[in-house]
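Residue numbering begins at 1 within each chain, and the chains themselves are lettered A, B and C in the order written.
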Amino acid sequence: MLKYNERLIQFGLLITAFSTIAILILIGLFILKEGLPIILKVGIKNFICGVNWLPREGEFEIFPMIMGSLWITAGALLMSMPLSLACAIYLAEFSTTKIGKILKPTIELLAGIPSVVYGFMGMVILFPLIRNFLGGPGPCILAASIILGIMILPTITSISIDSLQAVPYSYREGSLALGATRWQTVKMVVLPAARSGIIAGIILGVGRAVGETMAVIMIAGNAVIIPDSILDPVRTLTANIALEMSFATGEHRQALFATGIVLFIVIMILNITANLIAKKEVAK
Amino acid sequence: MYRFILTFTLIPYMMIGCARTKVETINIVGSTAFQPFAEKLAEEYMAMNKDVQINVQGGGSAVGIQSAQSGVAQIGMADMVVLPKEAGGLNSVVVAKDGIVLIVHPDNKIDGLSTQQIQQIFSGKLKNWNQVGGENRPITIISREEGSGTRVSFEELLLKDVKVSPEALIQDSTGAVRVMVGNDINSIGYISYGFVTKQVKTIKIDGVVPTLENIREGKYKIIRPVFLLTKGVPVGKVKEFIEFILSPQAQQLISKYGLIAIR
Amino acid sequence: MKIKPVFTERIVKKILFVGTVFTVLILLFIIFYVLKNGLAVIDLEFLLSSPKELGRAGGIFPCIIGTIILPLVAIIIATPLGVGTAIYLTEYTREGKLTRIIRFGTECLAGVPSIIFGLFGFVLFVVYLGFGWSILSGGLTLAFMILPTIIRTSEEAIKSVPYSYREVGLSLGGTKWQTITRIVLPGALPGIVTGVILGIGRSIGETAAVIFTAGSSLRIPTSLFDSSRTMAVHFYILAREGISMENAYGTAAILIIAILMINLSAYWIMYRFMAKFS
């Protein structure tokens, strides 16, 4: 009797576990079912490389949005990488453990600020600055890069700190015993050892930047153009979906799902890469 | 212990299920230009009728049409000049008329523009304010998303065949356009007349000042009707709410706050 | 001229220090800026009354309700699913192809941007299944979003319960399930609760997925099928449309305080949990 119950419970839990996969498959299949037809109709090359996004005339080509996402993400990375690495190295290697213990959770806490608040800060503080000193209306790649950069700071910093702290202390001892200074040790021993973890952290940060929607709608300008300066407004893949989702029908809606597919694939590749790099590190 | 957790998780389901029965809900969705008015009218109506709950949401006219079609909303608000073919099959009632005005920053010296100048500005042909009599500043175009009734009406009435330049900054509601124009001295945008505040300045079109009188008398031509769309002829509480909006009391409220009453 | 390494070290240390201070300052600045402008607006009336004129006046009470109910629904759906999956993965299977597939799926789900969840939730729940803009649609969508987090943290928590605990339970004659519910789960509870709290924290700040599934109604919701506006959505709308900057700051201030408190409690529980097992 007891054994029967146990079997039942095990079966119930199996169902639960499978429902998780089922949900993922459901989401994936749904998006594919809705988006694939239009990609096949327009042709993958045209969809990704074409520059005309004119839903009212049935033209669905997302290259400007891909460029928008690319520029903003690259900019965000440029802004945040030096700062987060500096932070991580200082907190992991040079500060006393007490300060490190307080500041690391503080930085992680700040990762919880909603993205709309960041977007708002961009509107209220960055726009006037850009208008007065650089010209232009405010919404542009620069503004979005700065805000996104700040948003992914906690992510990259926290993972980098973890990676640095995971390097065995014996590495440092060996280097210091040979007469190297702390910085030389960090530069030539610790950093290379932690490299995979840090890169994984950066990739995850990039993933977060690519997936950001609300803040970008508020501060990037949403113009469907291929930018040639950082003061140009752009529209990202995510903003494109959000702006047109609620009223798109038929092929238009399918095109938005197709944009979702592209996003999904990009982030999947980023995540898999990050995981592989992190695993390589653990295997070492 | 897990029995406790199980019951605990089931209780909210049961409570919420019970609460559902008493009040009828009307979802009215769509035009961001009419949304504040719908909200005010809904507040007044709900004060008089306790058994109805009215949820007002924005999203733009196309969302209104979509939602009415799919049944997500009982009433769709759309303020396009001409309803598109997606609205075919929906029952429509005109409840007000709304003017579209061109706005610039209050410090912009420009007083008015001609239709042709407006077309050239929005298509990107004219790029500097000094080409239309203003200072030497680049023009920033602010426009709406494709599903906006205001945008569609603006394009039909003023731009005709001219397309809006892809360099235009896109905002997703009338209010957001107003914020952008109010903050940037180089910008020009278009919003509903009922939304004009001191934060922005309206300009003349072909010499006609956008005022309520000019709109009423037909001198100012850029106006569009506000449609309430329902799937089939409205019945029950929906019908009563729409009739309330057409009543003299509601129409007076509408014209008090900047739209044109139709009765 | 070759620079002495000691010299380089001093300079680098200073640069890194400045970088760190700069980073922390930026993040703290945002919080303080919002709190400074927002706390002035908050009073009992702001918290307890309903918005008037689309939010230009009045308070944000319905939004507070929405912000409480929506994550609650999400947790009610996601926690049994997530914890159950975690239990299955750790207790009932060995590391193999199956668990790797499930884990891979969870990792994928964790990385999906919230707007895609919003798109999915909108088309599936709001339109296709006919739930409309409702707490149900929003809650289901949020549940899918936080599921990976709950699975991951629950798995970690359960794994970290020492094997000896289980041995004790089994040697006393308990069945596997009895051992799990009476020994392992209580031991893993702090970790699980941390995951749940983090999920709540994420749901509260979420805007993209919520605005397209739960809608933005300003009324106090009375049923699962009512639309409801959360504080994050309300803040977004107020700020975007310039309806009221003061109220926007006030809403943001409450939002940030709530999220900080939630994350702090998660850390505190995690800290005590760590202390117990190390």
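Here is the rule we use: a residue touches a chain if its C-beta (ideal position, glycine included) is under 8 Å from a C-beta of that chain, and two chains touch if they have at least 3 such contacts.
From a predicted model like this one, the values you see are computed outputs, not experimental measurements.
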Problem set entry | Two chains joined by the most C-beta pairs in contact, as defined above | A-C
Problem set entry | Label of the chain whose CA centroid is most distant from the centroid of subunit A | B
For this session: Could you please state the distance in Å, as a whole number, between where the Cα atoms of subunit A are centred and where those of subunit C are centred?
Result: 17
Exercise. Where the centres are mean C-alpha positions, what is the separation of subunit B from subunit C, in Å?
Worked result: 34
Exercise. Got the subunit B residues that touch at least 2 other chains?
Worked result: 171-172
Problem set entry | Multi-chain contact sites of subunit A, meaning residues that touch two or more partners | 246
Exercise. When you check subunit C against every other chain, which residues touch at least two of them?
Worked result: 80, 240
Exercise. For subunit B, which residues are in contact with subunit A within the complex?
Worked result: 59-60, 62-63, 65-66, 86, 138, 140, 145-147, 166-172, 180, 183-184, 186-187
Problem set entry | Residue numbers on subunit C that touch subunit A, as the complex places them | 5-6, 8-9, 12-13, 15-20, 22-24, 26-28, 30-31, 33-34, 80-82, 84-85, 87-89, 92, 101-102, 105-120, 122-124, 144, 147, 151, 175-177, 201-202, 204-208, 212, 232, 235-236, 239-240, 248, 252, 255-256, 259-260, 262-264, 267
Exercise. How about subunit B: which of its residues touch subunit C in the complex?
Worked result: 1-2, 9, 12-13, 16-17, 19-20, 23, 25, 27, 35-36, 39-40, 43, 53-58, 70-73, 171-176, 178-179, 182, 199
Problem set entry | Partner subunit B, residues of subunit A touching it in the complex | 55-56, 127-128, 131, 135-139, 217, 221-225, 233, 235, 243-244, 246-249
Exercise. What part of subunit A is in contact with subunit C in the complex they form?
Worked result: 2, 5-6, 9-10, 12-14, 16-17, 19-21, 23-25, 27, 30-31, 34, 82-84, 86-87, 89-91, 94-95, 103, 105-110, 112-121, 123, 125, 150, 153-154, 157, 180-184, 207, 210-214, 218, 238, 241-242, 245-246, 253, 256-257, 260, 263-264, 267-268, 270-271, 275
